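Dumping the structure here so I can ask a few things about it.
Chain nomenclature is as follows: A, B, C and D, assigned in order of appearance, with residue numbering initiated at 1 for each chain independently.
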Amino acid sequence: MDLHPLAERLSSRAARYDASGDFPQEDFDDLREAGLLGLMTPRHLGGSGASFAEYTDVAIELGSGAGATALIFNMHASVTGALAQTPDELVRQFGGAESFFAFRDRVLKAAAEGALYAVAMSERGAGSRLSQVRTAYERTGSGFRVTGSKTFVSGAGHADAYLVAARDSGSEEPKISYFLVPAGPGVDVQQTWDSLGMRATGSHDLHLDVEVGEDALVGGIEGAALLLAQVMPQWLVASYAAVYVGVARSVLHHGVRHLTERGLHTLPMVRARLGRADVQVAAAELVVREAARRVTGDPGSPETNRWVWRAKLIAGDTAAQVAFSVLEAAGASATRRGHPLERLYRDARCGALQPATSDVCADWLGAAALGEDPDGQARW
Amino acid sequence: MDLHPLAERLSSRAARYDASGDFPQEDFDDLREAGLLGLMTPRHLGGSGASFAEYTDVAIELGSGAGATALIFNMHASVTGALAQTPDELVRQFGGAESFFAFRDRVLKAAAEGALYAVAMSERGAGSRLSQVRTAYERTGSGFRVTGSKTFVSGAGHADAYLVAARDSGSEEPKISYFLVPAGPGVDVQQTWDSLGMRATGSHDLHLDVEVGEDALVGGIEGAALLLAQVMPQWLVASYAAVYVGVARSVLHHGVRHLTERGLHTLPMVRARLGRADVQVAAAELVVREAARRVTGDPGSPETNRWVWRAKLIAGDTAAQVAFSVLEAAGASATRRGHPLERLYRDARCGALQPATSDVCADWLGAAALGEDPDGQARW
Amino acid sequence: MDLHPLAERLSSRAARYDASGDFPQEDFDDLREAGLLGLMTPRHLGGSGASFAEYTDVAIELGSGAGATALIFNMHASVTGALAQTPDELVRQFGGAESFFAFRDRVLKAAAEGALYAVAMSERGAGSRLSQVRTAYERTGSGFRVTGSKTFVSGAGHADAYLVAARDSGSEEPKISYFLVPAGPGVDVQQTWDSLGMRATGSHDLHLDVEVGEDALVGGIEGAALLLAQVMPQWLVASYAAVYVGVARSVLHHGVRHLTERGLHTLPMVRARLGRADVQVAAAELVVREAARRVTGDPGSPETNRWVWRAKLIAGDTAAQVAFSVLEAAGASATRRGHPLERLYRDARCGALQPATSDVCADWLGAAALGEDPDGQARW
Amino acid sequence: MDLHPLAERLSSRAARYDASGDFPQEDFDDLREAGLLGLMTPRHLGGSGASFAEYTDVAIELGSGAGATALIFNMHASVTGALAQTPDELVRQFGGAESFFAFRDRVLKAAAEGALYAVAMSERGAGSRLSQVRTAYERTGSGFRVTGSKTFVSGAGHADAYLVAARDSGSEEPKISYFLVPAGPGVDVQQTWDSLGMRATGSHDLHLDVEVGEDALVGGIEGAALLLAQVMPQWLVASYAAVYVGVARSVLHHGVRHLTERGLHTLPMVRARLGRADVQVAAAELVVREAARRVTGDPGSPETNRWVWRAKLIAGDTAAQVAFSVLEAAGASATRRGHPLERLYRDARCGALQPATSDVCADWLGAAALGEDPDGQARW
């Protein structure tokens, strides 16, 4: 599928959604119509059964159109992708309930039919440190009661269900589990998101005081969240990366257009800035695609995971750096609100700050290069 | 005078004016009350008779409170400072009219009494290239008629008069002159400013179709604008610099506060980022103060002018770089609109893009280092 | 073929050849024995018939052992690779002599049997600008007389023949042709090479006053040199790149070893430096391999050529930057002569300075990004 | 005194001493003749009674001539300067012996008469961590016996006496004292120095097994070494800084010369590199001079010490960065051994690696910026 026309449509609306901070409803109408909400849903459930590498293609393209829309989509793909790609054996090996499989299939089928999922992991104070999560759950007769507050929930208020990380309130040790909590009463959005960049993600706060059924426990397994973060880091660490490669590409695209229109393209320093930005973006894209290729072919191996962390680091840093440099080449006239480079300068700064931050990635990669176990140190 | 309390008041309002983009009226009420509009006015005319070095002290302090307010003030100081500090002999040497001196004194006295002046130099297409100015003037019986449009006029709509660069419409060669045009009919503001950063400068467009008297011609000299740019580059090139040193200082200040509050200050990478930012800011401040000291003691000399261009380059680059790095240290929670670091990340990017841009400064300084005449090439 | 053991042998001798500046005779004995001098020779002539991508694999591996040895090998591979891979049709299309094909096959067969070729292109004053070459040739009864002086001839004195760029002394317009000039009388080496890095390349001066036969004219075509530079930039621009990726890898390898031995690997800044170096090297390697893959599959296309220039830029810059940073992490004890990181710091600085320099690459890539013809401007 | 002619003489010999690694005897003959060995000796003892600021002037000038010579001189100035500038009251307050004062005056008088002193602080394994020193001393009837090995002793074999840090072998807690040990039997130089840069410092190993008199204990105080490092950090941390500012200046000087001679000075990227290097060097010099001014006027205050650490960080980083960039501008022809830029590229890399390394300085400065006690953590 040629996604370029779709990306163009996203791009044409990006300034408006950035200004208002509204949920990009028209973009998601388009995504839904293009069948992209079912991208990760297996074919036998009505989806496209995409691999992580195919997800990456899509996310780069969407990110080059509108970073915020691509980030919301990334969260949806993370939920559906992780569900679709966790091997049944692994679920069984960790004692997962058989009933989970039917639940999972319903969830994935719904996605193929247009349902949108979001992730509610971060909390104020704890950030994205899963082990520090204070949102709690306790068993009830018919399932679980989940209570607490989340932040940075992209797409909040527009998702059909939320993947919620919560701790067992009855356990001394941190036992962190995932629940898929449907939108509805007891799941309240507080509009807190008003941000430098990626404004249309609507990453508001979510307050939970809700009962869910037995099968809302993902995998039917308690305490699996931290383990999953380590064995499938791609959805936590690197799925953002593709979005920021798209953003970085968009910087180049709009930079070239602006500079040519303004007749600045003959200035030697402008050309040098663009040339260096070009190779940075090309390199970041290769790293992100290499990570995606390896996740697809050899998921969870130590070497694959190194590429996953490399992808996160280079994509976030590259987007921010090229936006910084190309805006400088473009000059003051490109700092007007509504100009694509103005928005991209703000959007692009966000990647390195999303978990795992670039500084955390650098430490992880340094440890791996030194032959240590980079996950030996608690990072989530 | 201890300006720190004043800077604190500016700082407390900065988020509000940034959000609305309104002219910072309360800040200017404070500045007026503190007598700062007369900073450059000689003492015998009721002002403080400040040197460029003293201006620099003030601008750094104001910039650390609110960059946009400091930039508007900088334009006012440029007009009053250049008027006050151009030696009478120089005016006479170039054939200036004697009547100019009385006019100048009235202008400076009015500043001491609270009048605010702005600069209308840049034009769409020409940028800040004085030699490319298309706003035209022609002699009338009683003075001049000035016609054209300006852009990036900080404080537009709130100034009592504007320093306007215009070309003699009857001359084949570019003869660029300065006029001090009072606000009023024929001087219309078009609200075009809605910018990434420094939003409260209200640097709107100005449309001119107005008659002014004989003595509005600054210096009573036609064609002096380009020459002045070269012999007194400080007001064109380096007076911004002090503002951006203030902005950079403010980044450190708010970075330390945020990191301490969030308990992030013990992270080694955070400390390293702050330590490196600290020395960058300290170095930029020394360069800007050295330039100011030399402008004060030895204005216009080749060595002084090198320091002026160095000041512009290092201040703009440093502000942008430390804002970039400290925001990364601070993390996603500091990207919320209204957070000082969010605003500073946007404000700080603007310095290197204001003329002379950092790339232009680097070329000028390279030429000077190579023993060439860096003004041999037309830069304005 | 697993080249790792060979690279280890090169590595074990690198300090010695670096210290003496001698031609790495033992390394080339090993290369010859491993059949690598015939790497680019077609199989039917006794070689390995390697593609550019396969060359790249070999060059990275050799470069990780000893950069200087790999650079000499690169020159040999450039001569044999360009000869082997120039399509016969192209030669005929440009009016090449049929006799050339037999000559070419003899040359390539000799390589497979152990002959070593070098490149004599650069000249003092002209650098690598082919169009500025002053070495001249004129027709004699039986062939050509070639007269002039070359510099930066890696492997000088140890090659069996030299690819020499020379201009037609009888032509007004620059008509630059290539000759393959056998070592022997009239081809004199002047030992001028005593360099910061890559010391064992022995890139001495070559003085030519020699007669060669008709078939020494490469392709049997006069005036083809500049054209070739544009249609096959890989051998001029990017074949170095693989060597510097090897050098950069070696920096990581020796950095990890040193830091672990010294117990410095637990320092957070050390880990961060290594982590960032790791991703830079991984990215550069991907870019160089992508360029090689495209040269192999789609040689000479505009998109392939962009990757070729990207490869040169990122490989040279990355090697220099990681050597700079990792040496800083390693500390003063790694600056002792004989320490691998000390040599690598010097070797790694050379890549960006070899033609096309990084600044030239940035300009070429900027032009390409802007949609211009980057070869529209004379670069050779 | 105009030191420029002296710096020129040093510069003219620098390539030769760099190549041989010999002690720069002729340079020190010149320094001795110019009375510079008595620079820090008070006037009433026959010296110049220079302040730290005056030392800085001299060290910058010498460093611009020959970095290695300036570093040896720096060590001599550290010994004599610290002796001359430690207030008598402080010595008495810590229980120093009265006999020390006569000894100190003899030492300083000897310097004014041409004696050269060196510093023997670092040890293999411990680096410059004073608290880790293993060289031991014990009381004998008539004084002390000092036993152990030192490394990085600049000027070893050519100094008249060495300032040696040693620990009390009888004490459980680390009690580190300084001794001034005369050259002679029991003080043996092992020629280990063969380094990337600053080759002529001859910073060889020193093996000590020697008895010294009572008054060789500096200050007549045991256990004062660590305290001194904190209250007078300038001689440990920042006296190098001036040397590297000189080196950085020299990079600019030789860069301009080379680029002009080669006709490369018209290339835009070359000019931009020089322009940016120019402002970096100017800024570093201002920071180093500001630190020196404050050490002179307000020694030991927290604010002064911040400037001392800033000076070390910026001087080391700036020298290395401008050498890296200017060599790239200069191109391959400047990498020939014997070319000033070739040597400077190696010399300039050493500053950030000398203790306190740039990474340590960044941490110290980050802690100070955060309002912590940066010396609260053991750094020596």
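To be clear about the criterion, a contact is a pair of C-beta atoms (placed from the backbone, for glycine too) under 8 Å apart; a residue touches a chain by one contact, two chains touch by 3 or more.
Because the structure is predicted, anything quoted here is derived from the model rather than measured.
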item	value
Chains contacting each of chain A and chain B, listed by label	C, D
Contact distance in steps, from chain A to chain D	1
Which of B-C and C-D has more C-beta contact pairs	C-D
Chain centre separation in whole Å, for chain C relative to chain A (CA means)	42
Intercentroid distance (Cα basis), chain D paired with chain C, Å	42
Chain B-chain C separation of Cα centroids, rounded to whole Å	51
Shared interface positions of chain B, touching two or more other chains	268-270, 272, 359, 362-363
Interfacial residue positions of chain B with respect to chain A in the complex	127, 152, 194-197, 267, 269-270, 320, 324, 327-329, 331-332, 335-338, 342, 345-346, 349-350, 352-354, 357-359, 362-363
Residue ranges of chain B touching chain D (in the complex, touch as defined)	252, 256, 259-260, 265, 268, 270-279, 282-284, 286-287, 290, 306-307, 310, 313-314, 359, 361-372
Residues of chain B that touch chain C when the two form their complex	268-269, 272
